[in-house]
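Scrolling down, you'll hit the structures one after another.
Next come two complexes built around subunit A: one with subunit B, the other with subunit C.
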Partner chain A sequence: MSLLSSPRAAPYLLLLPAILVILAVVAVPLGVSLWSSFTPYNLTRPATLYTFIGWRNYQRLMQEPDFWWAFGRTLVFVTVTLNLELVLGLGLALLVNRITAGQRVLRTIMMFPMMFSPILVGFQFKYIFNDAVGLVNNALFDLGLIREPIPWLVEGTLANIAVMTAEVWMSTSVFAILLLAGLLALPKEPMEAAKVDGCGPVQVFRHITLPFLMPFIFIAMTIRSLDVARAYDMVRIMTNGGPAGRTELLWTLMARIGYQNSQMGMANAMGYVSILTSILFTVYFYRRLVAARRYMEGVE
Partner chain B sequence: MAVRGMAGALSACVLLVLAGPALAAFDYGKFPGTTVKVKLIGGTQYEKLYTRIPEWEKLTGAKIEIVSSKNYFDLDREIKQDIAGGTINWCVASNHTSFAPQYGDIYIDLKEKIPADELALYVPGTLQSSEIDGRLVQLPRVTDVSNLYYNKRVYDDPKVRDAYKARFGKALAPPATYDEFKQQAIFLANPPNLYGTAFAGKDEGMTGRFMEILRANGGDMFDKDWNPTFNSPEGVAALQWFVDLYNAKAVPAGTVNYTWDDIGQAFAAGTTAVDLDWPGFAAFYNDKSKSKIAGDVGFAVAPTGSAGKRGGWSGSHSFSVSKACPTPDAAVSFVVFMTNDESEMMEAEAGNLPTRTKVFADVVAKFKADGNAYMADMFQTWQTSLAEARTPPLVPQWIEVSNVVWPQLQAAIVGQKTPKEALDKAAADARAILQDAGLLK
Partner chain C sequence: MSASFAMERPWQRWLIRIGVFLAMAILCLPGLWVVLTAFRPNIEVLARPPVWIPQDPTLANFYGIFGLLPDQQQGLPVAAYVRNSLVISLTSTAVAVLIGMMGGYAFARYRFRGKAGLFVAFMLSRTVPGVALSLPLFTLWSRIGILDTAFGLILVYLAINVPFTIWLTDGFFRQIPADLSEAAQIDGCTRWQAFWRIEFPLARSGLASAAIFAFLTSWNEYALASQLTRTTASKTMPVGLMDFTAQFTVDWSGMSAMAVLIIVPALALTFMVQKHLIAGLTFGGVK
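So, the complex of A and B:
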């Protein structure tokens, strides 16, 4: 009783509802899914949730080449799309920042791809890259550049490029908007001082604009590295991980194993490997973010 | 005379008594104040039937509450989640022959609730395919089996016909065997304007097509002890059929990513010559507002394989009643009503294959009376194939097995593996699944 009435307990008591809600909506499902990854849990046989099989699911994963191919492809997918989105988003943000008239309209237009559901984006790009009736092949035929249709969604490298293109189209604007916010918050004085000291535009960008933007870049990278899993619907529609697993990513494989095959225990084991990878990405970006902020403080 | 009259009357009575059960109409019952929760497959082609729901409500005094209306794959996920969460609080769900084995024992045996004489009105083979372990867990609504659609503009073109005759010494006619199908598809292909054919290259669509040719060649997916046997010489020949078409560029390269809609769109656009496909596409192909080949669509029964058989991969859309349903009699009344002669006729007029024997004859007669020879021809062609049709293996692991088979089939088609290598890997993976399930020691 005295413990609860102590002034030290007050903050914890006030936080208790929030803690309970977080436990209910985050910790419990995470705990259950972690437990299920140590069981042969099958959706249509609920009793299997109570059969403990230790590390068997994880051991199977370690020996499964298809899983490791999907894992490696996912890393490449995340790395390439994040970097492309960053470069293109930064370019867009810099261009829009230079415009004085119609900036609001442009900002709104820039956000259009974000408003599409990933499923719609998947269908859109599936038909753009379709080998028989697709926009790209039709354009190339009309220009006389090809005589045979290019199998965009079939050939391994092309299929992955097509999927990445769709992802980059959908999400570059997230980077652009976040970086534009950074550019708008940029103090003018250091830039004017640099110009007075004779710095060219490239030097100003390299030594002032970019360091100021780095925290925004890392925040965007952190958010996007977690958010890139939204590409599931898109990949599912465009290629469903195929053909022959050439575009299989961790989340298309997990969905197939978990929902189509009902092997939720195995799918959750894959999910935990994926979560650990995401955590590594997040930790890396946070460290870079903290380093960038320290650098900024030094500059200031 | 009197004796003859008596004998005649007695005979008539005996006949009436014997015929009585067959003539008795199903009693839909009265369930005032009852609400039946249902999960139904949604989508334009399925929802017309649901306009009959108010009729059943008026007839029985019960109410229908549609708690979910989704496509099969989403509905399947939802039902699995209901099983996992122990939250089955609905009475009726749409089901399918391919999906039904996964759901364990959540559905009642309809044979215990529906009189045998009523069940006798359904196509016997279709009804049998709706059973799992001898239990009738679903009442079939419409049936699917594939046959050939061919583009008459291509097949009737005198130049094409002459060239074919000159090359093969035989008149060009819809293919009767898979070898002939391949030969014609390769001959007729003129990409990118015209491909010989296209096939569903992923998901169960790919596995199903492979299974169809495998069976037509005399092979099968498993032996009686559940050993995978699809990597047999018959299986290798079946997969080689796809590989040959792909390598000859007789199919669009993207066919390995195609599903039914993609193939349907390609045929309707006039970019494929021959199409092994489902009955539901017939009306679409002949609709001038949607199809460039309307008026020029021909039908032929599916080809035979090297064993001289048709492999007809078939299944039915259906309704099931859950064991958790508090009002099973009302639910059974509803599913019988939704598959009775009038309901079946409504579906058949839209181009779906009915599951009641009588409706096949009725719908063909109606189309003939309406002067719609096209649809009458379609029903007669598809009915021929149904006699030889077979479902996929009705085990809970079927979809799981299919999911390890089709990526390997794709790998062979796009040239990553030889057909034998691909099928051996798929068979090994399938064996592991069946061993885990305890079907195979």
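So, the complex of A and C:
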């Protein structure tokens, strides 16, 4: 009790359970995986965990074209989907913001996709893009636009489009809801002043609304860049990296090498590359956020 | 804000309404399609030309996944999946909110050495993608012997949810003026009493939204669960969905029925507390 009442120890005691959990579930396993990325660790031969081979896994990875394809595809995937989600989310937030009656209901409907498990979204869109029974092909048939079924998930480019569509559907809401929160907090005075001065709606948006929204945009970007790796579930279900590796992302490749080929050491080396990439994205958006906030404080 | 746009012409207003309607339709359609499929007889699922609205709605798919149809030998262990999902999600949510609240309170109310560093460390732990974590966890959990147990998965979800809970509750506690609890302490409350009587009730909506996020995360998680669970002892519903896929075919009707089982509790819960959810997102995190 004397420890608990000491004001010095209190914050550490309060944080102790959280620290223990993170150490046990994140830090220690990551330490193990860092070590194993320097070994030829293979699930079928446990003793290999104790053979140190230095940077060999990383060197082999760097020479592996499959890895670089997956890496590049992941960057493209993240960039394209994040930007699309931002633009669509902004559009949606602006639209909903203009509706006065029943806005609360609209906001609830808007969050609908956020409640779906990514794996469920994967199955849903696998079903929707199915060439025989899928919603998309059925609609195109009924509208008379196609005569042959389009093999959405079988052809490389189309499969990438399908996968990105699913990701955008799943996550646009996150942007929309955060940006709507920003729009609701938007101060009225500068907008009215601008209108009195004869600014058109486009100018008001460009010079007042958008700068004000910037911190909200970067928060959404930071949050989303944290969990784009959720896309693993979806891609795993929709195409599992196929056809012929054309939709392979870092995460699906990693799981394949680790669990199917049992090459844990190699997979963990890849894991480290992808973790560092994730952290870079997050840090980048976080710094933009801090800058945007500082700019806003300067204005106010 | 909309008052300042009162000058819009009627056609503009209609354009906005149509746009909103289309956007909402696109957001709802994929989910609705799966729900409708869950109530279709198999003939309609595979019909060509397609049957858009179920003509002959049935509960057969639901009986089917629980193995209750007369001609069925046995169903899938769906009941066990439901039980595991509930136990794992509820337990990890409750504990994550408790631990996260303690942490959030520490960050909001105390100044201590290493504060900024600890905060960043918590946030960075959140950036590690689930798949990257599943490989080392698999190795470690199998050595300790908690692979394929509910406990193993609860522990993992705890670690995923605690940083986010800390972040949200920190924001909420900071909004509550420190003077309130200080005044209570001057009036003779201990810090502990002051917390329970004053700060806790005020932070309740923040805690509610943190709880929803934690619950949804564990309820919907797949990447880690699929590697750390093996049998009905710990498999959750998202992992159970894979039972409906064979190498080249998917049992769409069974899968859709299972999907409804996963969606409905999540939807019901979210709609019940959506006010807190929006408040949690907008105030706790953003400001």
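By definition in this document, the second predicted complex is superposed on the first by the 272 of 300 C-alpha atoms of A that agree within 3 Å, B and C clash if a C-alpha of one lies under 4 Å from a C-alpha of the other, contacts with A are read in each partner's own complex, and residues count from 1 in each chain.
Criterion: a residue touches a chain if its C-beta (ideal position, glycine included) is under 8 Å from a C-beta of that chain, and two chains touch if they have at least 3 such contacts.
Note that the structure is predicted; figures quoted are calculated from it, not measured.
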| item | value |
| --- | --- |
| Superposed partners subunit B and subunit C on subunit A - clash or fit | clash |
| First (subunit B), second (subunit C), both or neither touched by A:141 | both |
| Subunit B versus subunit C as contact partner of A:131, first or second or both or neither | first |
| Partner chain in contact with A:173 - subunit B first, subunit C second, else both or neither | second |
| Partner chain in contact with A:44 - subunit B first, subunit C second, else both or neither | first |
| First, second, both or neither for A:149, with subunit B first and subunit C second | first |
| Touched partner set for A:244, first subunit B, second subunit C, both or neither | first |
| Which superposed partner A:115 touches (first subunit B, second subunit C, both, neither) | second |
| Contacts of A:260 with subunit B and subunit C, given as first, second, both or neither | first |
| Which partner reaches more residues of subunit A (counting touched residues only), subunit B or subunit C | C |
| Set intersection of subunit A contacts, subunit C complex versus subunit B complex | 126, 132-133, 141, 259, 264 |
| For the subunit B and subunit A complex, residues of the former touching the latter | 77, 80-81, 83-84, 86, 102-104, 191-192, 195, 201-203, 249, 252-254, 256-257, 265-266, 269, 271, 396, 399-400, 403, 407-408, 410-411, 413-414, 416, 436 |
| Contacting residues of subunit A [partner subunit B, same complex] | 40, 43-46, 126, 130-133, 137, 141, 148-149, 151-154, 238-245, 256, 259-264 |
| Touching residues on subunit C, where the partner in the complex is subunit A | 1-2, 4-5, 16-17, 19-20, 23-24, 26-31, 33-34, 37, 45-46, 48-50, 99-100, 102-103, 105-107, 109-110, 112, 115, 118, 121-137, 139-140, 155-156, 158-159, 162-163, 166, 216, 219-223, 227, 238, 241, 250, 252, 255-256, 259, 262-263, 266-267, 270-271, 274, 277-278, 281-282, 285-286 |
| Touch list for subunit A against partner subunit C, complex | 7-8, 10-12, 14-15, 17-19, 21-22, 24-30, 32-33, 36, 49, 91-92, 95-100, 106-121, 123-128, 132-133, 135, 138, 141-142, 169, 172-173, 177-178, 181-186, 188, 191-192, 195, 215-216, 219, 223, 226, 229-230, 232-233, 236, 251, 254-255, 258-259, 264, 267-268, 271-272, 274-275, 278-279, 282 |
